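In the two complexes that follow, subunit A is the common piece, with subunit B as its partner first and subunit C second.
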Partner chain A sequence: MSNRFKSRYDDDINLFEGRWHLAQYAILMALLVAAPWLLGTYYLGELTAVLVWSLAGLGLMLISGHTGQVSLGHAAFMAIGAFTNLALMLRGWHFLPALLASAVTSGVIGAIISRPILRMSGIYLAIATLALSIIIEDVAIIAEPITGGVAGVFAPPIALFGMEIDRYATPEAFYYLCLAVLVLVTLGYLNLLRSASGRSFLAVRDSEVSARALGVNVARAKTLSFSLSCAITGLAGALYAHLAQAVNYESFLVLISITLLLQVVIGGLGSVHGAFFGAIVVVLLPQLIAIARDFFDNAAGIKIAAYPGMDTALFALLILLMVIYEPRGLYGVWFKVRTWLQLFPLYRKGMFRRTRTYLKTERQR
Partner chain B sequence: MSLLQVKDLSISFGGVKAVDGVSFTVEPGEVFTLVGPNGAGKSTIFNLISRLYEPSAGQIVFDGQDITGLPAHKVAGLGIARTFQNIELFDHSSVLQNLLIGRHCRRNTRWFEELLFLPKVRRSERQHRLLVEEVIDFLDLAAYRDKLIAGLPYGVRKVVEIARALSSEPKLILLDEPASGLSVEETQNMAWWIEDMQKDLGLTVLMVEHDMSLVSRVSNRVLAVSEGRPLAMGTAAEVQADPKVIEAYLGTEATS
Partner chain C sequence: MDILQLLVSGIANGCIYGLLALGFVLIYKASEAVNFAQGDMMMLGAFLGVTFINTSYADLPFLVGITLAALILGLFGYLLDRFVLRAIFGQPQFAMVILTIALGFLIRFVAGVIWGHDPTSLETPFIGLVWTVGELIIPVVDAVIIITTVALTAILYFFFARTRLGVAMQASSQNQMAAYYMGIPVKRINAIVWALSGVVAAIAGVMFAAKGAVEPSVGLLFGIKAFAAAVIGGLGSLPGALLGGLLVGIVEPFAGRYLPSGVGQIAPYVLMLLVLILRPGGLFAQISQKKV
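Entry: the complex of A and B
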């Protein structure tokens, strides 16, 4: 059982709560850095995919998890990021400026779109963002000079610091690139969350009316959050393009938007951990099913391969279970396990029973 | 000079005139209370002052500045803080976080500085913490500092909401039914805190309240409203004795 005594305000302001907390993340970081030696090429590729989807999930988490505005259109911003990056690189830009341009383009387009779109809320907002995702599929076909039309574009190799980085030729280098981008974005994200902007996002999520009364410019907070969210997702899109090596309109279908939303819901809305947990599930669940299928085929002689759509069904089941039993997602599970360990043996059964909520002012949102 | 001047304030929702030509002034350092039956328009007046509603006529002047055309999010920065009738706290955050959001109108950092967490941001965070701790001390909330709102009892939430309003360093605090749903002891504490806010912090308090014992104890002046119109003004005792006020609450005597 641990108890932390705070003696300075900085204890609350710092990113890490003391040495043990810092050590945990240092160990995680060390494991991630050592991954190319620990894992084979195939699993390193999968881990890279987890990193890229974590980044995309972080983007969506900012607007949906922390600002409370559902978006079913974030694949559109992955597309904008991916096509911007590839188009600029094919026109002779270096990778890093092109990557930055992906973020900026997605962010600016997000900011422009957010003003009309974020006037809506709830189901209407979901439909409007869904429309965004559908529109981008057509735009990706029409804007042929940039997107390569139906055929799409191939990702050129990345030249960085005198190294040639290619997903297949040098998977370790590409892995480190994704890791570096993800770590930087996560740190920026956490910095925002522990300062005034992040608090204003939470305020908008929990009660717009009192946010406004406390001096939060609600429209501006939503725009900032949406724009930053799009920028992060754009970065993820650019990295995804290099991971997939080729992208066309089919790479960013509505289904990707929905998967992203499911990812943050399964992971746990409103927690940074959730984006990572969700990405692990989204990327590794199909692999797990494939392994299970092989096992059943060989060992038990049951031909599961004869039943298509297993991934989708399992995914759907997982979502249902999550929504019913653990609305805070995998993060909620992790949080409970951690609390149980910290308090052992004093954990009480009713500790996380959902408390009743009190009536909110209904006439004002 | 009066701190708050409300002149001929009116608003109608559809055909209903919720507030109809209400005028009053609040002097610096006083506790001014609005009373009246349910649906009299007291909370609507609050929402008009904090600019959540757009008045159809009239003027609101705060500290010499006309705030009638100001957007709602600029009001807090001028020094008007408020609480809500049905508590509007940020349920998924801790008490400390809620109070820090109360400091939003005093923020002096931009988002890109926060993204990098420059030394300036850390200094500003420490400063915010220092001022929030003073409020925590004042309202005796230290035991709840790191607790989530979702797990707090109702009475404590009421106090946290006042603490959040105080965190913004207001000149005028609007309390919408501070004692509703509180036990006798909690109402007693609330009365002390309102007196402390007035005497120790030098705040001006504008309050809506039904509990007449609390109103009589803390208010300097009371305005009774009914059906959107002002009925009577004076001390708590004077207003309670006013025949028009009695009529509004109880109806007229049967006439033969």
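Entry: the complex of A and C
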């Protein structure tokens, strides 16, 4: 166990707490860079999917985890990002400007929408964003010149730095592209969180009334957070379009919005790690089930394949147990394990006991 | 005449939305939780009705079947609250949202395993019967649905306004701590409310299966629409839920008929967003600004 004495104010906001912490992330980064040599093509594709969903999760985490406004409609902004990117690329734009444009479009649309929507809070906000997600599904069919109507649009290959990047022809190049975007966004996110704006988001999450009393412009903080969150999700949508190679209205059903929220919850609301943990679970759970299915079919003779929707059900069960036993999500589990290791013989059972609270009415806001 | 015909079918549909919205409002009124699995509970009720009433299954009389379905789903609701939801008693509202979404996924999966994924209809004694008033054709199913809904709403309204249990439920919804101090068994009240909402969901489900066909995934979108109805009426107001249901039910066929295709389906949600933006608490608002 190590004790760290903070001798400068910077110690509180440094990205890395000392050398060992930095080394851990350097090792993780090295592993990620080496992944194309360590994994087969199929699992590299899965890892790319994890990166893309992490990015989407980060977007949702900003508004739901760090600003406390639950959104059940972020697939809508993935759709906006994806369709903007593809429509611009098909009209001859280069990939990078088109990627930026999808972030900007989602962000601006998010900012416009956020003003009326963020006046609501709690459950009403969740419902309004859910409705938004359903409406976007139909808009994706109606706006045919941009979205290709029911048939959807196919993703053109990406030309970048003289290379042709394609998900199937050059999976490593696409993987590195996603990794680069994700790392840049994550660093930006961490920087945002330690800035004045990021702190105002946290203040709004913890108590709107006290945030206002401390001079935080609550409406501005919410709008900024929502719009940045939409921009990040839009980026994820654009990358997702290239990952899936073809998108139509069905790629961004309301179910995706719900899954995205569940992903963030299972990862752990209010932690950057959570977005990544959640994405790992969401992408790899179907894989695990497929492996388990083969095992059961061969060894035990139980036909799991006879029950469609098994992965969703297991996912739901996981959420259920998580909400009841570990509300901080996988990040909470990880945090406890880490604390146990750090304090090795001194860990006490009641350390993370939750305090009992009683429901206060939300009818008076 | 055309308009009247659309209106009749819209009202009947709206009544089912209204019934389901009643279930939302009941739970919201008592515990300020929102049950995102309500649509799936309705689906479960519909399948229970089909199981008890259809000739290929138990082949019981209609009224017996609907009573059994309502009782079983009521018990289901009670046990759900007693053994699952009580574990997160007192946690933020948001935890309940996530929990019920997950529950909905599970119920859908279980229903798919038990009853399969083919659309199934309910065989009612009044199947295919119609009343003709002038040129207007009123299916008896629609009439039954409308009458049932009005009766149920009236009963629930008086239950909440006049009975001890109803008033206790209202008290526990406003402030659980204070209600507990006044000697109200808050936890048991919650369980009873969930049972009640299960009963309402079962009746809505049976009506739904009598009018159309039921399959496991029907609950999600139908539930969201009913939810839109509850929000339009203002969560927490029983007559509001019914009115919201009627509005959604009526807007849908008219928008589908007179607006360009594609716009019709989203009309209920647009209506809900408009209500939320213009009158955030719904038409019968119960939210008031906090004074600091």
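Note that in this section the second predicted complex is superposed on the first by the 355 of 365 C-alpha atoms of A that agree within 3 Å, B and C clash if a C-alpha of one lies under 4 Å from a C-alpha of the other, contacts with A are read in each partner's own complex, and residues count from 1 in each chain.
Going forward, contacts are C-beta pairs under 8 Å (C-beta built on N, C-alpha and C of every residue); 3 or more make two chains touch, one makes a residue touch a chain.
Given the structure is predicted, the values throughout are model-derived calculations rather than measurements.
Undergrad: Let's test your reading of the overlay: on subunit A, do subunit B and subunit C clash or fit side by side?
TA: With subunit A aligned, subunit B clears subunit C, so fit.
Undergrad: Applying the touch criterion given at the start, work out whether A:Ile135 contacts subunit B, subunit C, both or neither, answering first, second, both or neither.
TA: In the superposed model, A:Ile135 contacts subunit C only, not subunit B.
Undergrad: Touching A:Leu320, do we find subunit B (first), subunit C (second), both, or neither?
TA: In the superposition, A:Leu320 contacts subunit C only.
Undergrad: Report for A:Leu100: first if it touches subunit B alone, second if subunit C alone, otherwise both or neither.
TA: Touch status of A:Leu100: no partner.
Undergrad: For A:Gly270, decide between first (touching subunit B), second (touching subunit C), both and neither.
TA: first
Undergrad: Between subunit B and subunit C, whom does A:Gly215 touch in the aligned arrangement: first, second, both, or neither?
TA: Touch status of A:Gly215: first partner only.
Undergrad: Where does A:Ser195 make contact in the superposed view: on subunit B (first), on subunit C (second), on both, or on neither?
TA: Once the two structures are laid over each other on A, A:Ser195 reaches subunit B alone.
Undergrad: Looking at A:Val70 after the superposition, I want to know if it touches subunit B, subunit C, both of them or none. Which is it: first, second, both, neither?
TA: Touch partner of A:Val70: subunit C, not subunit B.
Undergrad: Between subunit C and subunit B, which one touches more residues of subunit A when both complexes sit on the common chain A?
TA: Partner touching more subunit A residues in the overlay: C.
Undergrad: Which of the two partners, first being subunit B and second being subunit C, lies in contact with A:Asp206: first, second, both, or neither?
TA: It touches subunit B, and subunit C stays clear.
Undergrad: Here's one for you: vertex at subunit A, rays to subunit B and subunit C, all C-alpha centres; what's the angle to the nearest 10 degrees?
TA: Once the two structures are overlaid, it is 80 degrees.
Undergrad: For the superposed arrangement, tell me the lowest C-alpha distance between subunit B and subunit C in Å.
TA: Between subunit B and subunit C, the shortest C-alpha distance works out to 5 Å.
Undergrad: For subunit A, which residues belong to both interfaces, subunit B and subunit C?
TA: Residues common to the subunit A contacts of subunit C and of subunit B are 209, 357-362, 364, listed in rising order.
Undergrad: In the complex of these two chains, what residues of subunit A are touching subunit C?
TA: 70, 116-117, 119-120, 122-124, 126-128, 130-132, 134-135, 138-139, 141-142, 209, 254-255, 258, 261-262, 265, 307-310, 312-313, 315-317, 319-320, 323-324, 327, 356-365
Undergrad: Give every residue of subunit C touching subunit A within the complex, in rising order.
TA: Residues in contact with subunit A: 31-32, 34, 84, 87-88, 90-91, 93-95, 97-99, 101-106, 108-110, 112-113, 117, 173-177, 180, 220, 224, 227-228, 231, 235-236, 262-263, 265-266, 269-270, 272-273, 276-277, 280, 286-290, 292.
Undergrad: What does subunit A use to touch subunit B in their complex?
TA: 9-10, 12-13, 188, 191-192, 194-200, 202-203, 205-207, 209-218, 224, 270, 355, 357-362, 364
Undergrad: Within the complex, which stretch of subunit B touches subunit A?
TA: My answer: residues 47, 50, 52, 71-77, 81-82, 84-93, 96-97, 100-105, 107, 109, 111, 114-117, 121-122, 125-126, 129-130, 150-151, 154, 157, 164, 168.
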